[in-house]
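Here subunit A shows up in two complexes: once beside subunit B, once beside subunit C.
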Partner chain A sequence: MSQPNPLVAGISRRLNGPQTLGNSAFFWCAWLLGLALLVALPLLVSRYQVINASNILISCILAMSLCLIWGYGGILSLGQASFYCIGGYAFGVVGINLIDAQGNTDLALLAGIAIPVVFATVLGGMMFYSRLKGVYIAILMLVVSLLLGLFMRQTADPSYTIGSAFLGGMNGLRPATSADPSIPNMILGFGDYVIAFDGRRSEFYWLVLGLTTAIYLGLRWLVNSSFGYVLIACREDLDRTETFGYDVRLVQLAVFCLSAAIAGFSGALYTAWGTYIHPDGFGVAPNILVVIWVAVGGRRDLTSVIVSTMLLSWISLELTSSGEISLLALGVILVLAMLLAPEGIIATAGAWIGRTVRRRGGMPARSRESVT
Partner chain B sequence: MSEPSTTMTVPHAPDPTAPILEVVDIYKLYGGVHALDGLSMSVQTGEVHCVLGPNGAGKSTFFKMLMGTERPTSGRVVYKGEDVTRYPAYRRARLGLSVKFQNLRVFPELTVYQNLFVPLRRKHAPAQIPARVGAMLAQVRLPGSEDRPVQQLSHGQQQWLAIAMSLASDPELLLLDEPTAGLSQDESEQTAAIINEVNASGVTVIVIEHDMAFIRSLKARTSVLHYGRLFAQGSFDEIAANEDVRRIYLGTA
Partner chain C sequence: MDFVGQIVSYFYQYFDNAAFLILAAVGLILIYGMMGVINMAHGELMMIGAYVATLTYNAGTPVPLAIALAGCAAGAAGIIIERLIVRHFYNQLLSSLVVTWGLSLILSQGVLVLLGPSTMNMPTPLGSFSVGDFSFGVYRMVLFGVAVAMIVGIWMLFRYTAFGNRAHAAMENPRMAEALGVNTRRVYTTTFGLGSALGGIAGGMFAMTAAVSPFFGQSYTPLAFITVVIGGGANAVLGLAYAAAYLAGVQTITSNVFNQYIGYVSIMAAAFVVLLAMPSGISDFIERRRMRSMQR
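Up next, the complex of A and B:
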């Protein structure tokens, strides 16, 4: 199967490796086919469904952020949605304040990444440098998320304004006065050279699809790199990894911040998509939802997590009209998945497909040279 | 043996006769259990030093204090003249300490090569690693087994892999907790040869062991721990002849 083209070989060496399922030519053909289908989606389905698809892709980015720290880093956070919401609020607040002056949301998007990272640095610094582990981190993160939600809910008093933005309590973020602009769409570029991505249009969908793909490929590269190996070693045995001379607290903090950046980024996209953000996102249900997406798919594989997030979000959408049933259904799926395929339904199925294809096609096993 | 005073321990003292390691009055309490109860001892640069003692004597706890994976309740650990008591494990590793724990703590789902990749990667560029892995595996009697999954290795081979992992950082002081546990006679002899070779290359080694024949083949200075304290110390022959040591090993103490 070896490609003579050195560029292809180089890229393939960096994206493939033992930390990801799906490294064969067969996998990448199927992957390209899937991507092509997603690119063509706006031509195939209704506009309403494209809008929903954009939101599902945003969820995929959020799910990847949890997959990174939990599946690869071994740090379960039950508060991943809080970074998403912080990113969402940051985008909204900065966007409302700067859109008229600047004509773009570049800084708002940056804030949507940077503020969750600052938050994660402080929180992660305290957790990892005090050597907190396992279930304590999971619960602490959930509590932090719930507290933030509690705070945001009681910001209905008009004094909670940041410049032109009013936090708005239960009703969500809004302009402070009728003269102020509302939460803007995603508008990228400088000066007169800007492109607006209306959340209800296909351009926004394609933008998010491109970003999801880029983050997916970037994370594949990361987890199959040397750093990825150290990360997995931390997951498997933190103390042992430290005795090899790695400052594991720093490794954990770094990956926690990267994860917060990705989650915050998806939150900023979400706010731009619907031009609204409210405190419900800090609650138990959204936090658990992310865990379900990741666990059902297979937390130790990025591709599986994306596929399961797409399927489960789509199921949720189909069931939204039935109210609470949606979360209940996902809960049942989670329990079944944990009983039948503890490593994840998609990951287990994917591994089976991989074995079948290799048997049929006689593809060579990966060589250790793929480690870089 | 004279007790060196703390004020004389200048960092990076170039004296080759200085102890590479001293522990001073170490206590480690787990709840009410005194795992270490005022242990003081020192290890000379370049020696192979055996530590033995009955089950629960505190030998593994002693190693944890040395490596820094856990902190003593009180007391000091001095490595090459530097007080490292408060250093986290990764800093001690960077100073040249390395350990093989009693439970092997290899990564069972990875291959042999991948197990060695992480400890080697800290000091070596990726391009150098395959050659280093090859050399290390030859040293621990596992040549050519790079691509074998660790689960498929015998217990003895996993012991050797664990030793190789602790050698990957080019340590100056190597701690081996029961490296012959579960090994056959022949494998134990091979392990003794590996330790002697490592020591000949300039590495100081401390070995926790129960197997008397194995300790004899190392010709090491031996310390006996009992109830978290130094019970006896001397050459192997002195220890083997010591009536009190026999008594605690027979459990009549």
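Up next, the complex of A and C:
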């Protein structure tokens, strides 16, 4: 920043740091340009594509939640989609029960965050305080997700109703009787002052875009704060960090819960987007998708993860129209990326662009850049 | 005589569950226990074995030969995988986890594209016997026999053969082993191939009890991994026997008292309890107690 504007300088000090790629003025100009393009997207493309774009942004939030614990915290979870689905189910169940009485889904959205957090606290508490090895945590999370999916599949029995919501087994969450309301859209506000965000409209897209941006900036601030440094220390060497006097188990639990909150939030958005949630979300494919987005992009950088999630989701959408090969293609991309660019394709490319720009001397890079 | 039949039925279920866990885990134990790589594609190697066994059987091959072919095919696939991919990820636990998971996606989706989602079947051989009002399949008992034979076979392989010695040396101290002229790379490749072949044989044997589909293997990998982990690394082969005996016991009891689903959940809960009490697995725990009692 050439002009000494105290506000800009203060914000940039908070958001930039060694924990994230892209700290230069050049990066932020490109970032703003990208954001402007995304804001203008509904004016440029068809309505159907805007609906897909909303879903892709929701995936970006989910990917960021895994990036936070895996890339920054060093805790790999192969069952990240389970929090997403728990959040989705929580939003749906609470939404069906309260939409008629309250007229908004504020509480449902809160439930979509709170219930995954409670779940993560119990599970994470057991795992981190028993000092389970990282590999075991990864697999255990996958097993938990598969077991939850198995449970949700066999809830076709009518006894599985919560208030006016029926879990519905393989048919997905639905109202218990035809008199009950179906899964609501996102309706925010109080009393008569509510705004409804229909998942098929541009307003919902802008809402999700705003939330994604806010979470992105918030996480950038977090990982570059002093908590972020402790987090990285836990990733690099758990024992040494503990010797320095940090309660590493608490740090890990905290970041695990935060990640669950973000994943659950994205799940709630997903349910509101499609007014639909299904046990298949707990399966292997959704869980591996999240890992692919994060690993291919570059698990140690938030920006790379977002870019790769957008690109890969778009690729799989394009491929879905030409047969059943989208997961196969993503698997090939993952293995190739792990072999050729272990730090992630986008992160490697981003670091290269950063170096090139600096060498050309076009714009001086502000701080220590490539840290990965 | 209904009472006797019931008792026999419980034992039958117990041995069936134990055989299931051992067969699913026996290939993985070589790869994880000896090399420290978690092969998430293990279930998919079993799936390949199951397909090869079913296809060759339906083409007229006798059952034992079909299963041997299944083992060869999976072993060959394992060697290719190790050479091309896994080799680059030794000593990177989480990365090897992710890359082999990606591989499992490629294998299952590839088979889905090639052969379609329809399931294939193979008849269960050897008929059944009955005690009281209960009837039991003979083949399930054969499965248990094969599982035990595999454990003993692996143990003997690593105890008495030159390859076993070289493998031990390569696991304990790879650089020293290399200095003494052991080709560690070839040891790793062979071990990986052997583990994969055992997985393929297990897959071929399971093909006669379950429908074969591209996603046949997905449910095996986590269960197999749990079994291996709680078995522990001090004496991986014996640990596998302990773990299977323990987990199968828990599963048999809970799935009889409650239902199948609770049975699966209880396996995880039981594994968790073990990891809390003995963080490095059952065989480590037993080994350490024995060492301590010997010192006294």
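Please note the rule applied: the second predicted complex is superposed on the first by the 355 of 372 C-alpha atoms of A that agree within 3 Å, B and C clash if a C-alpha of one lies under 4 Å from a C-alpha of the other, contacts with A are read in each partner's own complex, and residues count from 1 in each chain.
FYI, contacts are C-beta pairs under 8 Å (C-beta built on N, C-alpha and C of every residue); 3 or more make two chains touch, one makes a residue touch a chain.
Just so you know, these numbers come straight off a predicted model, no measurement behind them.
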| item | value |
| --- | --- |
| Subunit B versus subunit C as contact partner of A:G245, first or second or both or neither | first |
| Which of subunit B and subunit C A:L33 touches, first, second, both or neither | neither |
| Contacts of A:L76 with subunit B and subunit C, given as first, second, both or neither | second |
| Partner chain(s) touched by A:A233 [first = subunit B, second = subunit C, both, neither] | first |
| First (subunit B), second (subunit C), both or neither touched by A:V45 | neither |
| Greater subunit A contact set [subunit C / subunit B] | C |
| Intersection of the subunit A residues that touch subunit B with those that touch subunit C | none |
| Subunit C-touching residues of subunit A, taken from the complex the two chains share | 76, 78, 126, 130-132, 134-136, 138-140, 142-144, 146-147, 150-151, 154, 284-285, 288, 291-292, 295, 323-325, 327-328, 330-332, 334-335, 338-339, 342 |
| Contacting residues of subunit B [partner subunit A, same complex] | 67, 69, 88-90, 93-94, 98-99, 101, 105, 107, 109-111, 113-114, 117-119, 121-123, 126, 129-130, 146-147, 165, 168-169 |
| Subunit A residues touching subunit B - in the complex, by the definition given at the top | 18, 226, 229-230, 233, 236-237, 239-248, 368-369, 371-372 |
| Residue ranges of subunit C in contact with subunit A within the complex | 38, 85, 88-89, 93-95, 97-99, 101-103, 105-106, 109-110, 112-113, 218-219, 222, 225-226, 229, 261, 264-265, 268, 272, 275-276, 279 |
